[in-house]
């Protein structure tokens, strides 16, 4: 027998809490304290339909995995949904459609900044806040762009640059560009196909994809989106679970799904406080003037907090030893931030490191990856560890222009990870947007290789970049992020 | 017999001056020239009620201490107060209430900047001007923030950061955070309970408080606000009086009240010219087009000047020797600004120094405390004076983020003093605001210790900060403080 | 028999395409795929009159050179042109006239920035976009100006500066100023006489002119605009054609026309992506929402792309050897960007180099010419190659003030090339504008030579410039170019 | 017999030119080509009354000195002046009065920037343009302020600073402050008493005054404004006339008038092109659309040009030798800009140098005086020339704050020259304004000496300033001076 909307509405307290998801009714009362995203968001939807907020942040199968079968109460009787509830749902959908109505033709986007601009208009407030937010005062977020303004070129002339070859190998796998799609969470906030958009584009353009632990598609879905030839090459980004059995299971699953390497995130023992994200969340959960002071500082830390409570902050080098023992896949540390740890990784026999500050989302005033790259290559060279087959250096954070990528390659990186721009691209245009972004990068890089005088990536040598100003940090003005306590929603770009 | 308002009104000249305070009538005629805040402000209220301006800047007992008993004329006959005077008083109160009406819920404040913003809206023009103002062009005030943009982190990975311990000891006393509430004057400008708000919050959060000489609560009141366990630990900030007997009495009183150390302010032989503060004051005392030129440059130097005329500019190292002879409390110099003086302090056997520029309120173009910290630690190390038990280095000025504090600790500081943000917090929200501010800092620091790879404060080592850009001062644009001769009130933030 | 407009209108498809040019009708159907500027622009005008867009970007004789005679269909019957077509043409002309109506008197222009401002108002959107645009984020474009803010003077006093002599020799040819008019393309976008305006002004002011390969006047026209004495001295800027016979023919033609040197452009194996230019072009070719993604990234790269498809990206040092064998004219490399290549040029026995980043139009984050100059002079001196008769160093990019020129001369340059400002000047005022610009520069330089204490260019020595801040790049904020995907036309200055 | 206005009006051409000055009629026809300020301005007033523009820029006696007696035609018949001429004169006077109506009370001005702001509102467009303008893009003008943001203090504590002594000696003459009033031209543009305002204020405050060659009061008037005790000490600033007999006469006149030293300006062989000044002038002389291009670039170079045509650009060190032979007054070079010339001055036995860039009005990108001071003191010390009795170093340019002055003194300067601020002060408030400005500086300096720990100027030692960032020029953004060809009048601050 179907359950009426009116019946659901009666179970509207923390103690007695029904929630509608995908037209099914569940009893959440006992689950509430165990929700990784905190109890409050569930209580807010007690007696109501939570599908719209649940859907984009949970992978398929989440309900089945966490709720005992007996908590499924029954199907919702759609005929009983009141008109005002239908109207509200329709209004929300209309607002979404309106945002999408006036986007410019894809070919009008001439660079990745255009795609970001379009993305910011297309995304909902919550999605924009989650994707674009960064730590504290966004000093690192801004530095990730600013640093490229401090690296200049020393081009060579009169070299035959008729044919430009941008291809290389990442961990032994061919790629048409020294660029890979890096792992980012909650891909369905921007588009119903989520991370699968990236898989399709990567296949079409011949580049590799790093599959995130916190994807909102399942790893199986993302692997399943490969084309008939099994393209693209995929790696797996791993947040190590406090329960090592779960972690091991994830690693073996990654092997089974054909992923070619494990990128262990080591810069996020706890996910960051990103205030733009928190403010949106705060807004959503309503005002609480009566609330006692201080007691809930960590309560509402936005989407980031909601999805990350299982990450193990006690992870250390011993775990890496253990991890090597349970898989033959190459292991790469993602989030190395000083040369000392890169040297240790090389000495531990790992396959490489990703120099990264997590897109400026974790520690504010972490340095940019290319600044770390400079000291790391020096330190490795001094110790005879660079260049060395079997140990590769990747970088990510703030790469938007073909020139940004070429600078990192010339300085010694094997490849560059790019994340947010592809999210913005598919949020607005689906996989075509990501393909377009990659072709823009390819066009820029091809031209700039010509202008620098380097027909292949091997010809990009350190002497081609002028690093005199590399360390001149701090001249950038602080971000004028207009989200404050008086304007929690802020404004988009 | 009660005195009528009309009778008071007749005594309205400098020579014959009655003033109403707390519904009592006093004859101020003979006291006028001795008023530390200058004669003008009293003359302005001759024949009128001065309670509203008197109250927030004078500690209880001030009248009794300075006015002979016979100057008390009698109680005011309240029935004789004219309606327009009542109306004006009501209007002032209404304006105050209006300012407080629209403050956001405390939990919406996500960082100390939010609290400052709320504070700026809640405070009166005069209070905001006094609290927020700084010297000259506010170069030092701005540098106190800017310097943190020039210090970056070098985080370590794969360290077990499950448990973070932020506790330490200040002069041997336990604190849950390497942060103390530093001394600031005129606490009742923002809230009727003044400095006692800080005492209550410090007790709740387990940190220490420095009690100011220029508090608008008495030292007895502030000590009395400790909780049943005698928390928090309190230190006493001392402005040394020209009359050394008064100074000695203050020291002994501090001992009696259970304060655990004497922080002697050495950077303020004269209190600063703070133009925003002066402009508000100027506005208050009315236009004086007819006034002769030049003669009154120093006349109206705002609240700062009003409260500081007794400070002795002839204080020198001999006085420090004397001070050591009259107390067993540890003596710390507050306001050291170069390594040479820090070395002298250590050689004089003092318990420590506070590297400080007085919040940018004294000498403009004084350097930031963390820049001084770098040279001081180097100089002390060279002389075998650091680290050394019994000599501690504190810093203050511009600390707003957890990362700011961690930078200073990594560079060698024992603890960090914070002042203004707590004033703004309690001006808007009382002690709960201060507790909230401390919990925000605690949350930021806990997360960032994890991200840096340091489970305890001892693990924060100098190698974790990159100081390459530390001395790149001066790139910041000048403050666009819009208080000028044409707009003396300026605007709040 | 004349062709009616209605007849032309019928041939309006890619397969059957008539176009009217200068009241003549041509059949373009077979030519379309061979159009260097791409097919799309021709298709857009299928069946219509394309004279207005054709004229300013094609040198005389272009039609004859590329279209077989039989493709000329006949004269247009003017009487058949419909009224609305006439009206549209008239409206376009009126808009042009309106732009020109309010320009200020020439003598009101006090510096080259004034001329640029006037130019931006006088030029059409397309012309402004083509002339003013630069690569990517315009970092190099801005740096070309910013660098001069980092070079300061060390003037000497009490030297007799009554008579100032600004004359010098370029490749042995006398010039009244150490300034030459450098090569820029598409001169008729701004004025019907195109590059001939520059010839006339150069003659009047006694300076030299570099004649561009991509001029919209023919080399013959430009040479023909010399005055009765054969002034000015002219050089030829050469883009080397993929077909070396064409290149050789161009060199011999340059000799025949009396040009005195060959400046081979070596920094443009492919012409740059200039987004402002591309956006205007995009706008022109209409929206294409239906277009498939990605496939046309390189399709519409603006005017730059349209005119450059013949440039050979395989040019190398061997070609330079060949070139020396086919001409006795001095050969200079234009676009050298590091000392290594300048040293090679000297060792190859060339007559000099132009240190240049192509006005910021090619590789973004190429360094400024004066920064390259500093390292180049040092490297040449170390090798005994500087100063050396027969090898001269030129610089261009961003020179707008007399002081800019003097800085470069003091650092070791023989002369300075200036381009865009003269385009703006003649677009608004014809040759008089260019003469005015040169007189402004002359007046500034004369005065500043006096103030520096150098009566002749030889007295401008390296000790007169302070280069301590030369390499402090990157402090400048990014350009706020408001052309974006949502505002393709942007705004003028 | 008196001359009627109508009669004057008939002589209104360049060839037949009558002009009314102070109600007297003169025949200017023959004088026009000899006018140092150029012919145009006279022609503009042919047949009219030029008193209003003549008066503030000519010292008394100018007419008598330059016009033969027979050119005086007669007194103007005041009854014949038409009503519309009277109306226009009245309107001009009313506009002047309106500007002055709303100035704030002097005591509301808290610093020298306030005085500048008031000055900008009180002055006419032309006067403001002349006083405030600087060379080219005003890079040096801005640097003169910016440099002080790069010099920071290292204060000492616990020194007895009860009594502060700011007095010193300049060339042996006592002064109460290490500040002197430097020479500036055309003092009557801002106030009818011109430079005499400065004399009165200097006497009242016990400082010295440098009397300018280009004063609009005569040297006799300025000397005559000294008080009964002969205060203040006065020096003479000398522009050396091309005719050395005139120069010698000026020197002897200076001796006769009791001036105590000769400051020979050596940084101005030609007066600068100051565009703000030129634009105002351009506006005044009307539009000239018909004018031929280029021919008049140097025609209208504003007030600066008008008054300086006699300055000799051939002045050299031999002239200094000659000058020493004709006077016993100490000779100081004003406008030295590198250590080499300061060393030469010392070796020539001169009494000192003024390190100066002429307030940013001459060579743009000349360095700031304090930056030159640093290298000069080092170079002199190396050669045993510093400190040395009888050779003093002065600096000027951009000094506005007490801290600015203290920085220069600590670095080795004897005293600091200040110019523009005093002009603004007396333009608005007469001598009282200048006294007020000096008292503001005195108050700031007294307080800051206390805060730095230096009771006398001798205690200000080099160790008290931190010069690490001294040479970090160029980070300042360009001036947003909104005077352009489209807005010649610009706007005031």
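Think of it as A, B, C and D in the order they're written, each chain with its own count starting at 1.
Please note the rule applied: a contact is a pair of C-beta atoms (placed from the backbone, for glycine too) under 8 Å apart; a residue touches a chain by one contact, two chains touch by 3 or more.
Composition by chain, UniProt nomenclature: A, B, C, D = L-lactate dehydrogenase (cytochrome).
These numbers come from a predicted model, not from an experiment.
Colleague: Determine the set of chains touching chain A that also touch chain B.
Modeller: none
Colleague: Most remote chain relative to chain C, going by C-alpha centroids?
Modeller: B
Colleague: So the centre of each chain is just the mean of its C-alpha atoms; given that, what is the distance between chain A and chain D in Å?
Modeller: The answer is 62 Å.
Colleague: Take the average of all CA coordinates in chain A, do the same for chain C, and state the distance between these two points in whole angstrom.
Modeller: 44
Colleague: So which bits of chain B are touching at least two other chains?
Modeller: Correct list: 472, 475, 477.
Colleague: Touch graph of the chains shown: is it line, ring, star, complete or other?
Modeller: If you draw each chain as a dot and join those that touch, you get a single closed ring.
Colleague: Hey, which chains are touching each other here?
Modeller: Applying the touch criterion to every chain pair yields A-B, A-C, B-D, C-D.
Colleague: List the residues on chain C that touch chain D in their complex, please.
Modeller: Contact set of chain C toward chain D: 104-111, 113-114, 117-118, 146, 148-162, 401, 403, 407, 429, 432-433, 435-436, 438-440, 442-444, 447-448, 450-452, 466, 468-469, 472, 475, 477.
Colleague: Which residues of chain B touch chain D in their complex?
Modeller: For this pair, the touching residues of chain B are 136-137, 139, 266-270, 272-273, 275, 278-279, 282, 287-289, 291-294, 296-300, 312-317, 319-320, 333, 335-338, 340-341, 362-367, 471-475, 477-478, 484-486, 488.
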